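Encoded as structure tokens, here's the structure I'll be asking about.
Chain IDs A, B and C follow the sequence of writing; residue 1 opens each chain.
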């Protein structure tokens, strides 16, 4: 940890936006993880605060419902002593016909310091970043990227496995529509992991090979060789569509259970971005078992988001 | 007050959850009230803050709408210098099929310090308390308990009457479906008050005698002998059901008005958990009259909730 | 600025409510603007906080959706180090039949220090001010007044033009239903500006002459002589009513575009209370052009609201 702390101190971070992992270098990703390392102990103190962003304002601009990610960002900002403003899009001026850019410019004009945005349109955060001066953090844009989720996944893998380079990581589920999968693929391959995406042919298009991953439609074939398995959430609203098998069939072919765990490596690390559908993508036995890092992921989400908010604000202050 | 302060300092509080008054001893209830006594003056200072929970995070996990109780808990936490996170269940992962326990475990994994929960299912807080390590405070579970409401009611009685032991307290209304009534009955009888529950036969089942109370279906018969009257709110949505008389009949038989006040003890203390239906369970004349402690109850709610948050956090820190 | 600071220090502000500009004197309005001047630099500091309202609680009691104004008040309160409670009316006791006054009295009993209220009923804030002791700030009451919007408009005019006295200010649009227009008319005329209200005959009744303004139904006739133009938002829900022309006709007759700007004074100041309907009441070219003060208005909104919260709290503390 202290070696990582020294690395974190030496690296010069210059990006004032965090839009996705596609655009980040290996060194930048590692710097975020190393910075997050320095924040992990804040959450265990009796006073869970550092004054890094005191007097700063972080706005959660969420156009899709998400208590979990929103709360994680709020708590992260709060631990950095920032003030947090919730800007729910449902009751906002957007419903009065205002454009996304006008909303963002208005928020900026109020003197806020970071905008955390979740939006159903892929590229919405990137577009905003070109229109405003204030740092933009992508908290999920359509099926495109969810960079802080992938960063906390990688942080958790490194924390438990000691490394990412050389590991075999399977991502299982509806890869085609998953921003979590896409961000993980960009990040993990840059850090030297081998990524295998696993799912039905309708949900794992062969075009994904271009992202540098291996493709499998048979979980049992890859089960024995992987070090980490990231079980994507089954979007129930998608099940009724004709690209998705029945829930029973999906669970039989791609669900993780005790029987499959018995055929996997003993120290297979089980991850899930949450919220879990118990009994569908994985059984309760696995979700709550010794190999599961699911709640650790949640805990690490705070340190990673603290690091991201801290770094983009620092880059912004430095550039002003 | 200073005698109570000394008592508060001597007692060793060990519960890290506040689930209901049924499980609390007389001494524990008195200790909460004595601790609340020490917090009453914070609200009258120019800077209404004590640093007791600085850097701690209190989550309001409300599955039923309640601005009033939620705001009271928020302000109480804020006066203890805690950060407050609102976790509205409507937009949360619960709507995505996540279980209550998974939601709570996720919140816990984010490093929060107290979860305040309101839920329509009786026993939901008790169930959570068995599944997580973080302190759980019950802010109302179905028709079961609403312990902080009863504590603030008892605090108000003691503040104005100087004692609870030996008083005659009537609770009037839909006793069968009232968590406020149940918690008050547990608490008041433990502190030595005599409780009379009053209402139509359909809303005051004779089985309630097992809780150690007297039952009456005639307000006028008990009116002359009681020291305190707690008028429950008429749930308008219940009026149309066949267990409830018409509003006019209810008001005529069980409503409190100037004429009834004239036949009561001169210093009859009038209470109501709010929000009031003016003209139904009590007239404006009575609600705003000299005997009414209704707004004092609201004010005392803050001191009582500060005490509860303070004590459960202290017990939790002590046990870690 | 320093002359204004001295003026601000000498004036003795005594009002504990801000209900509207109709009741304020010229000196009181100037005092708010001068006080806002002293707060403008707080937003540019690295720690955007002053301790003026530390330990105080500001409640946003909004009965109409408004993220923009609500957020501006929240941030203003937060910069004064106050705690902010959002009391959304949708989920509040109001929906349980509680009266507005009971809601306000309950909030007051919780020990809050300022209530900021938005309500669809004209006069709702004035009514509350008679029923509670806590300071009331009007954040918009029906079509009646929106004093902080008019104050920030006047602040922006003075900031850019150096004065208000003697300026010709046109307010264009649906004057009859606009609280922004009404508050601006009261304020601007008291500060010595000449106000011309412009719009279709159905939306600019001749009875408005009683407020001391000039009336025009032809924007092009007044365009050459005005110093400031405040373009009101077209309420899309009103367009379908028979008092409103078609959008195309409205835009053709009353919309601001490059062609009209070319016929106006070179330094015509363009304002808009937001959110903008681009292409309707003004083109993007004008909204984003050099004459536009629209985002400056948003920025100034914070300083003005800090001043208002600061002054009413001070008056309230002084009177206790």
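The criterion applied here is as follows: a contact is a pair of C-beta atoms (placed from the backbone, for glycine too) under 8 Å apart; a residue touches a chain by one contact, two chains touch by 3 or more.
None of the values given here were measured: they were computed from a predicted structure.
Chemist: Just to be sure I understand the contacts, which chains border both chain C and chain B?
Modeler: Chains touching both chain B and chain C: A.
Chemist: Same or different: at the chain A/chain B interface, is the fraction of residue numbers used by both copies above or below half?
Modeler: different
Chemist: When the Cα trace of chain A is superposed on that of chain C, what is the rotation angle, expressed as a multiple of 5 degrees?
Modeler: Between chain A and chain C the superposing rotation measures out at 120 degrees.
Chemist: Can you give the whole-Å distance between the Cα centres of chain A and chain B?
Modeler: Each chain's C-alpha centroid was found; their separation is 41 Å.
Chemist: Scan chain C for residues touching two or more other chains and write them down.
Modeler: none
Chemist: Inside the complex, what are the residues of chain C that reach chain A?
Modeler: Residue positions touching the partner: 43-49, 65-68, 71-72, 74-75, 78, 236, 274-278, 295-296, 298-299, 301-302.
Chemist: Going by the contact rule set out above, which residues of chain A touch chain C in the complex?
Modeler: So the residues of chain A touching chain C come out as 54-57, 83, 85, 87-88, 91-93, 95-99, 102-103, 105-112, 317.
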